[in-house]
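Structure first, commentary second.
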């Protein structure tokens, strides 16, 4: 197992290096850079920016160098100093920007994920056991509905409904008075209130998928002879259900957890924009739009790393969960 | 609690009707099984209707995509009436003429029905000219009212265009282009996943790493670069097709992984090993022995991927990367609907959401039905 | 709209005096001021000053601090009694307390808190007719407008309690502005031009005493104060703060260390941010009514009242009335609307496109919509790049008949109905009535919808060949198409209609949306053949660069601007009427009197009228201010112009919330 | 083999008129259509028939572990002294709630079952030990240590060496034969009175088959349990059984002691089956006989002999006109065929 893992990790390194090159290249691809973007933004606000101003700014930020030079400087700083560069937009080191949003991002993502798994797995089991029952149709229909509605539209509609019914569109994650307040019970409640729409919007689609997978897996597992064996042994139906099919059906779901690693951090960018959530997704989107390249680059690199690691974790998890593979490694 | 069917291999084959069922081909079994899935059958029917609607959209839509009219900006859906203001019943449904005015305070357009002017619904009326099926020039449209009357069964948009027409004409893009994308990822996923799974070894290792790289590809800046790079002369629909194709070139990885997994598990089956020992060529083994083993799964996976593409189109439109009006897709319509003032003031603009949901649902149900059908033995 | 008429009257006044404000303002005593002794102060004072009988009052929030001993008493915080600036209130004396809640998109949106809180040395007066002292108490000017003595307010303090004196001005001038430490070249306002030779000379600035300084120009600079109000706004900086960070004074290494401490990579960005965008940094003292309190990168940016603010209301209450400005970060414009409807934001500004949704919800949301007119030539229009790369296209765009055809071939009635919801008038792009350069009848020039005439013109130009889609071709048979570049989807409805009208005339029209950085880049590389940007300018002599090709900015003049800014090294040499515009501009810079400037400005505008490089399809629309009904003292008949600092023109320090 | 003792033994399980109907789209399938048989204590009954004849459904019906789509009727009287039914009457297993406590206390403890494919019958997720002790923990002891001891004992009984190590291994680490041994040890771990073996050796290769069968026989003698052996393999029947019931299309067409079946088959189907069996010393060049045609689907079947279509001796107008009653040939030999029935004489 260890050897396998090590081998996989070693393979990750060239992949990540390659990705970092692509990432950097792609960020550079759209015409214009941070300076032209900045100049355009400030022109809108009525400020005068001359070509000299822009050239000077470029020179300061090192944007006048060739792309490959910028790349090597960036990578060198990462490797040598652990310095991921500087965010032009925030006037802060990239890591500080990422850190600023990490807490709430994780909160939103983990709550959403917990919601997804806690809701989807029981419903998936239920729908499989009671296949073709009214409940099955109801939950399947509901989850399909969640999946079929584009997130951004659902978010806007829920926000508007919340405004018309409760007079509060529940924008952001906190009401204005709590944004900078110390943590307190009231702030927690306020946060919980503001989490409802994101959890529904982001969670529902994922839930739909999970329910489908869980239901399908359960249906497969319920038809396996080992269930009959267990029954012939005299086990109660409940015990059978949880010990055999559920356990087996959870395997693929647990192992896909690695795949969703990236979504923990990005969340649903579009939804977050619509709902004004102060999380990483929109920050990175804006970094891309504004060509805040080290921020965007670091983030994309991070995401790429997570994707690769997620695949690795999934593979290892899958191997670990499958006794067949696990024991093979034990033997060697 | 009672658990579900438990037929070991030795038990009765669940026959489904005809006497020679034991000897039916896999496809026939699928068909028989599929017929049983009521929801899937209904979905197939609905989808067929939707696609027919798309095919004949120009004929079905009362108006064209550039039928702007400042008089009817943001007009609510008209009621199709049978009983007129005097309580008289008409066998032929009709609409009243819409009178528009502006609220001087809020500048909102206010529409009232002019009960004096009645326009009966007419069939096969002469309207704007179009090309039937894109080939035959025609002017006849299925429904309409006599000029100068107008009929907006689902209301109008901010440019005074008929929403019903836009939904119908938009379905031509929304229902067809995702098929292209899915088709491409299907072929790519099948070939590359198959090669990776069948041959294994270093080839597999390389392909898996490539897949990892593609999966972690930053798509957003890629789209942004593309939209800047694509020359403006290219019609938006064609530009969108390009985007979908590129999308497909990224999306195939998921399918490839599935195919690879299947190949790995199948290639060690006795019958495949037997064929190999017998000296059957790789290509033949793949085509003859491996593919039939799970082609049905692939069909299902493909069916289930289509709604994802349809939804992706709406998201692309949100980011301003998709189709742009006057070319219309459902994504464009939803993107217009999501503006807060539209939801607040002109809620009928959300109607296209209904068709999107309907399509996505029916594709999913169809996929489910196919999945059940593909698996007659519940393997 | 009705309001236009009212504003028109207002504008007439402006137009008469705008350029010549210096003369007008000082007409009672210009000569005497120059002749009399320099230490006699107060040539002209703005508003009643220092009403000794009413003791000044302060906000409860500060009173608490004073009694707790952490803040000096009010009398010590305000300038000397006669130097306190009394800010007239719009409607009534307000109440203390409350927060101005608004939406902003983050630090990039710094101007939306910057303009309303801005305290310029001289600011435009309420009707925009000229400047008045603001941070300055008064000024004196000699007859030929070469010597300006500016007096400051005695006892005035920075927001950290350090006295504000002429040294702060001198420091700014010597160590920051002329050293160009904050990323801006020395502003044009500080140069004077020799009318004969065109020689440009930098002014000298000297300290007179602690509360006055003198600016001396080599050649007359009639508009110096207005230009400062537009170009530089603040002609001072907190010396005691900048002394601690400027590399010149602390050394490069130390400065870099400080920059890093602040989180910056290098000193350039650090100095630019601290020297120019200082108001969003809580560490930097300002003269503003509210000062930054927290990190602007957070989800909520807070500015709190400046305890040393140097203005009171007529009753002697220290301003501002409201305790805080709370700017909540939003990511999508719809959140501003929704937040306003829900009462989350009590004072926000909107474009005219949100008019209906705001108006419909006025009652429910308990707010009111106040329209401020914009000095815009049009809200919907098109600019054709006169220097577009394609020679065929350039020839076409430079053909006045082509522009006339494009103007006539579009139904302005439909456009205004659909794209501006009936708010704008269906008129040509033109100077609004009341502004410098207004021309009778211009609004109707080529404004009728006449597709026949348009087509006839196009045929006359020689665009008679058509391709298989019935689009016109150039006489040489090559493809003809106009590509409109834009950076947002906001005008999608309009561009869609435009495309239809143009294509009805047989002109193939493409629309390309790119992000704004790309658009900026494309402008520099002359890749923007047509744009739908609009012109909004109060007075061409104040802010010439949209109408005069001085640099790369406005799409219609394309590379002409680059030619001028690069001194002829790059770009396209202006010819004909464009060259004439530049000539007039050179004359304005050297003009000795306001009348002269006025006349020349009108000439520039007339050339624009003749050529109609900027075609308009819909007249100006107002900027909307949605203010909670609890928010008082917001003026209604105002002009929304960047020159007047947008909302800042309403003097937000005297806005108050009814408790 | 004690065929002569068959009649004298006490019945343990008496099945009467067992019917299993499955609702199909196109009608009702009578998968099991009126089956009667008895299983005697300590004896082995073989249930033989082609795939799809209903033998597995029948065997599972005894424990009510068929899926709920199977409508089951008839009686399965359990005549064990230790498990009396209400009012001293024999307990009808079919009348019990299929998920109830009572039937569950019989499953695994009194009547145990082993399956055709030991790979899939074990869950791959848990160790063999876990799955064996499970039944012990339900039925015999709550003490885990004790349960493990019993399980280890059982494993050694079925001939698995190194039990301690094997106990913690997963099914995939066992060979096919070992798995089936483990399965048997699991089934026998609670000393059942009846072991239902559903094609226990089909998935094994021939040498292992013999070992497993031998093991079963040995253990039967040791534990004194009865066996219901479901198979399609007449060779196994010959080796293992005391009595044989031949099933065809949901019906038992012939039932007799094992020697009787092999030496004196009556039903044309039984004869056909025997002919299709390879024989030691048979003519190698001759192809094995097979029964022509395929088993029809018993959906909406009119009352007739199910073998009619494939029968060489069919009598038109008789065999396809009415349902076939059982005919007693001798005391222990019944057959369902008009050839031996008095009823067809009435034509």
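Each chain gets a letter, A, B, C and D, in the order it is written, and its residues are counted from 1.
In this text, a residue touches a chain if its C-beta (ideal position, glycine included) is under 8 Å from a C-beta of that chain, and two chains touch if they have at least 3 such contacts.
Computed from a prediction, not measured in an experiment: that's the story for all the values here.
Asks: Please flag the chain sitting at the greatest distance from subunit B, going by CA centroids.
Replies: Following the centroid criterion, the farthest chain would be D.
Asks: Using mean Cα positions, find the chain sitting nearest the overall protein centre.
Replies: Smallest offset from the overall C-alpha mean is found for A.
Asks: Going by the touch criterion at the top, tell me which pair is linked by more C-beta contacts: B-C or A-C.
Replies: A-C
Asks: With chain centres taken as the means of their Cα atoms, state the distance from subunit B to subunit C in Å.
Replies: Spacing between the chain centres: roughly 49 Å.
Asks: Quick check: how many Å separate the C-alpha centres of subunit A and subunit C?
Replies: 42
Asks: With chain centres defined as C-alpha means, what is the inter-centre distance between subunit A and subunit D in Å?
Replies: Computed value for the inter-centroid distance: 54 Å.
Asks: Counting in whole Å, what is the centre-to-centre distance of subunit B and subunit D, each centre being its mean C-alpha position?
Replies: 52
Asks: Could you say which residues in subunit D touch two or more other chains, in rising order?
Replies: 60, 65, 99, 115, 117
Asks: Spell out, as numbers or ranges, the residues of subunit C touching 2 or more other chains.
Replies: In subunit C, 334, 338, 341, 514-515, 518 touch at least two other chains.
Asks: Please list all residues of subunit B that touch 2 or more other chains.
Replies: Counting only residues that touch two or more other chains, subunit B contributes 1-8, 224, 228, 340, 344.
Asks: Mind listing the subunit B positions that touch subunit C in their complex?
Replies: 66, 68, 70, 73, 102, 105-108, 158-160, 224, 227-228, 232-233, 320, 324-326, 339-341, 344-345
Asks: Help me check something: in the complex, which residues belonging to subunit C touch subunit A?
Replies: Touch list, subunit C to subunit A: 101, 107-108, 110-111, 183-185, 263-266, 268-269, 273, 294, 297-300, 302, 326, 328-332, 334-335, 338-339, 341-344, 487, 514-522, 524, 545, 551-553, 562, 565-566, 642.
Asks: Would you tell me which residues of subunit D are touching subunit A in their complex?
Replies: Residues of subunit D touching subunit A: 60, 63, 65, 99, 104-109, 112-113, 115, 117, 120-126, 134-135, 138-139, 169-170, 172-173, 186.
Asks: Under the touch definition given earlier, write down the residues of subunit A that touch subunit D in their complex.
Replies: 224-226, 228-237, 243-244, 247-248, 251, 322-324, 327
Asks: With touch defined as at the start, can you tell me which subunit A residues reach subunit B in the complex?
Replies: Against subunit B, the touching part of subunit A is residues 11, 14-15, 18-19, 22-23, 26-27, 29-31, 129, 131, 141, 144-145, 147-153, 156-157, 160, 216, 219-220, 222-223, 225, 227-228, 231, 237-238, 240-241, 270, 274, 285, 288-289, 296, 300, 303-308, 311.
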